[in-house]
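Letters A, B and C name the chains as they come in the text, with residue numbers starting at 1 for each one.
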Amino acid sequence: MKTGWWKWVLFLVLGIIFPFIGKEGYLTHLAIAMLIFSILSSSLNLLMGYTGLVSIAHGAFFGIGAYTSGILMMRAGFPFLAALVVATAFTGLIALAIGIPSFRTKGIYYVIVTIAFQLIVSEIFDGWYAMTGGGLGLRGIPKPGQISLPLLGALSFKSKVGYYYLAFVFTLLIHWGIARLIKSPVGISLMAIRDNETKALMMGLNPLFYKIFVFVLASGLAGLAGGLYVHYLEFAHPDLFSFFVSVDIFLMVMLGGAGTFFGPPFGVFVLEMIREFLHEFVALRLFIYGVLLVVIIIFLPEGLLKPLTILVKRIVPTRE
Amino acid sequence: MVQILVNGLVNGAILALIAISLTIIFSILRVPHFGLGGIFVWGAFVAYFAVTLWKFNFLLAMLVSAASMAVLGVLIEKAAFKRLRTATEDAMFVSAVGVLIALENGALLLWGDKTRSIPVPQLDFVFSIPGVLRLPAMRVVIFVVAGLAIIGLHFYVKKTRMGKAMRAVAQGRVAARLLGIPIDRVASYTFALGSAMAAVAGALVGAAFTFTFDMGSLNIVKAFVVVVLGGLGSVAGAIIGGFLLGVVDSFTLTYITSEYKHLVSFSLLILVLVLRPSGLFGQKLGRPQ
Amino acid sequence: MLQVQNLTKSFGGLLAVNNVSLAVEEKSILGLIGPNGSGKTVTFDCITGFQKPEHGRIFFQDQEITGRRPNQIALRGVGRSFQLTGVFTKLTVYQNLIFAVQEKTLRRNFNTSLRSVKGWLPPDRAKRIDQVLEFTGLRKVKEEVVANLPYGQQKILEFASLMVMTPDPVLYMLDEPFAGLTHGEVDNYLSLMRDRREQGRTFLLVEHNMRAIMGICDCIVVLDHGEKIAEGCPGEIQANQRVVEAYLGHGGIA
């Protein structure tokens, strides 16, 4: 991490001072969404970019964690952190259950299994009225309370700024963990599986265990993001976790650059900007997404961040 | 009970048509063309406008739909898939999903989200066996057209030069190229054929039921279920799988639950894929080299 | 070290390998040759666990490995190179070697990954990598992404990976290692092999390059249409009428 350390510091500093700009306004709301979606895109990137496993089920796991955490806190009286932890673990468990059989399938069949799973889960969210409120959604999900910080006094998470810091801390920790994982022996093994599974197999590695591991990890993280999201919105609805959301997250990763560390969060940023610009025109926005998918996969399979960085470096001479 | 069965068969026929389009494009060009869901939708819209704006009769409208979508299909092949011919299946899948989303939302942009139906006054009557079966004439037409399309396809692939070229490419692209078969041309014809069939399916659904801009996604996923169940690359599998799934869905809807109707078919899909990764009739995927 | 007995494998109705038996002595270099389609790669695949033979048994260091999975066979000390790509293209040379040298099981890697960064590449392993980089001449390109390297260097990297691999392979199975290499590159590769043999390794080699085969192999087995048609030292094989006919009959040596 020697080369990129300044990026971390920059992010840290910007992150901490941001709320002073955004305060309780819409900008902060946007920032919270982007942080949470960064967790989603980076976790999907672990799966797609570093291990080579496409998944169109991330939205489903996002939702499983979301509903679980919300319900635990709303109906079972769990405290916030406990609900989050249990929700994450539960999502991971489900991922384990679906992961083990689905890795018996290969290539396009495997992708279809993830799609089928996403659609099944969407249908359960819609249909299980008693648990999830069905098409009406789940309202009244409580926000976490407050904690007392030594110097800053009580920080209430009920405010936008408070929740922003909560999301920020989680996002930071998770990304730190992912960065560490990528460089570790496990991370190198995952990349080996991505690049040449046959060769990795012939060098003594059992790809199945690794695939299940990263699938459970990535999906669990998506569940965690779900918990964070839903306690902020105080509301959950199947449309927030649908097939199209899965495609959204997928696009974020591809746009930013699968297999790069800063790519997916950048993709989140770009997509959110597009969403802001075209807020009114949902159809146009989605149409552009569709076209973008095609254009990117053909012309920019590495994503936008890399070519952009190269372009910037050419224009702005950097101090070496 | 007969009614449920027949309803299932009608839906199955539509599914079979889409599934066949999917499977021929996949077996010949290895493209998992999710975008056909979008063509399905546009096929309905074109037929609708042909009937309402240009006052064509339904048969003519179907032909117009098929022809125009065939052209669109070829354009899509050139724009979205041609350059990916050497890429992985995942990449082609991404492109296909992009096409689906673009087409569906394009339809939304152009024509709005109103639920419509194609009026076919000539066929407004109903076959009925009182107490047992009630079958609107349009649905019978579905069977007829589907049957004709399948027979037509069969003859095309078996007898014509292009059909034989298609089969050669399906068996091995490199060998086919060595034999001098023009892959570009085969790709165009394949997409044209598949798109035309999907368009006809869309027109039929639009006339027999109702249609909206977003009916493509669910149907194409279902068609994928059929294709996978029957085996990627097997037309027979697509037909049998289509009818089977249509009937299963129909019975599920009536007897088990109307809320989780798709759960059953999708769970079935996962089960089949896990137990027999190549589907019931399908080609095995090669070992990654 | 390696014993293959009555190996038989067919695909569909086609008999790819028919009752093939061979034995590789410790510290020797055995060449497996034959015209295209004679079953050499299928034999390799059966030995290394990528295919399950219908008949026959395979023993490695007197333990049966028939039908075992490739990773299990690799963990016992068999290393294999591949005909086309046997390297990790998006990683750097150095990362390729790190992967080769580190543990392979998830449990061990997970435990290591949780500990401090220092533990990820212990000094003795780092040293091993360094030595191999030096020895193979790859030191200067060690931070280069493998996809950018010329083909010959990629092949050398594949061999280097086997040299540093954990667990250390005692049997090297090389599938057409010299395909696409220049004269000089082949000689380079051969000297690496000879050095390894000095260190006590055993080789089983599939190749078409006759000069290389005749030069380095102690013993040669010839396959044709899935059957073993000859076995012996290079001199004998070159003089063997049946071998010559097999090659000539199939349009000459590839």
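The working rule: contacts are C-beta pairs under 8 Å (C-beta built on N, C-alpha and C of every residue); 3 or more make two chains touch, one makes a residue touch a chain.
Because the structure is predicted, anything quoted here is derived from the model rather than measured.
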item	value
Chain pair showing more contacts of the two, A-B and A-C	A-B
Maximum centroid distance from chain A, chain identifier (CA atoms)	C
Closest chain to global C-alpha mean, per-chain Cα centroids	A
Centroid spacing, where centroids are CA-atom means, of chain B and chain C in whole angstrom	47
Whole-Å gap separating chain A and chain B, where each centre is the average of the chain's CA atoms	33
For chain A paired with chain C, centre-to-centre distance based on mean C-alpha positions, whole Å	41
Per-residue overlap in chain C, given as positions that touch at least 2 other chains	50, 85
Two or more partner chains touched - positions in chain B	287, 289
For chain A, residues contacting two or more additional chains	198
Chain A-touching residues of chain C, taken from the complex the two chains share	48, 50, 69-71, 74-75, 79-80, 82, 85-91, 95, 98-100, 102-106, 109-110, 112-113, 117, 120, 161, 165-167
Residues of chain A touching chain C in the complex	180-181, 183-189, 191-192, 194-196, 198-206, 209-210, 213, 259
Residue ranges of chain A in contact with chain B within the complex	54, 101-102, 104-109, 111-113, 115-117, 119-120, 123-124, 126-127, 197-198, 243, 247, 250, 254, 283-284, 286-287, 289-294, 297-298, 301
Residue numbers on chain B that touch chain A, as the complex places them	32, 79-80, 83-84, 87, 89-91, 93-95, 97-106, 108-109, 217, 221, 224-225, 228, 232, 257, 259-260, 262-263, 266-267, 269-270, 273-274, 277, 285, 287-289
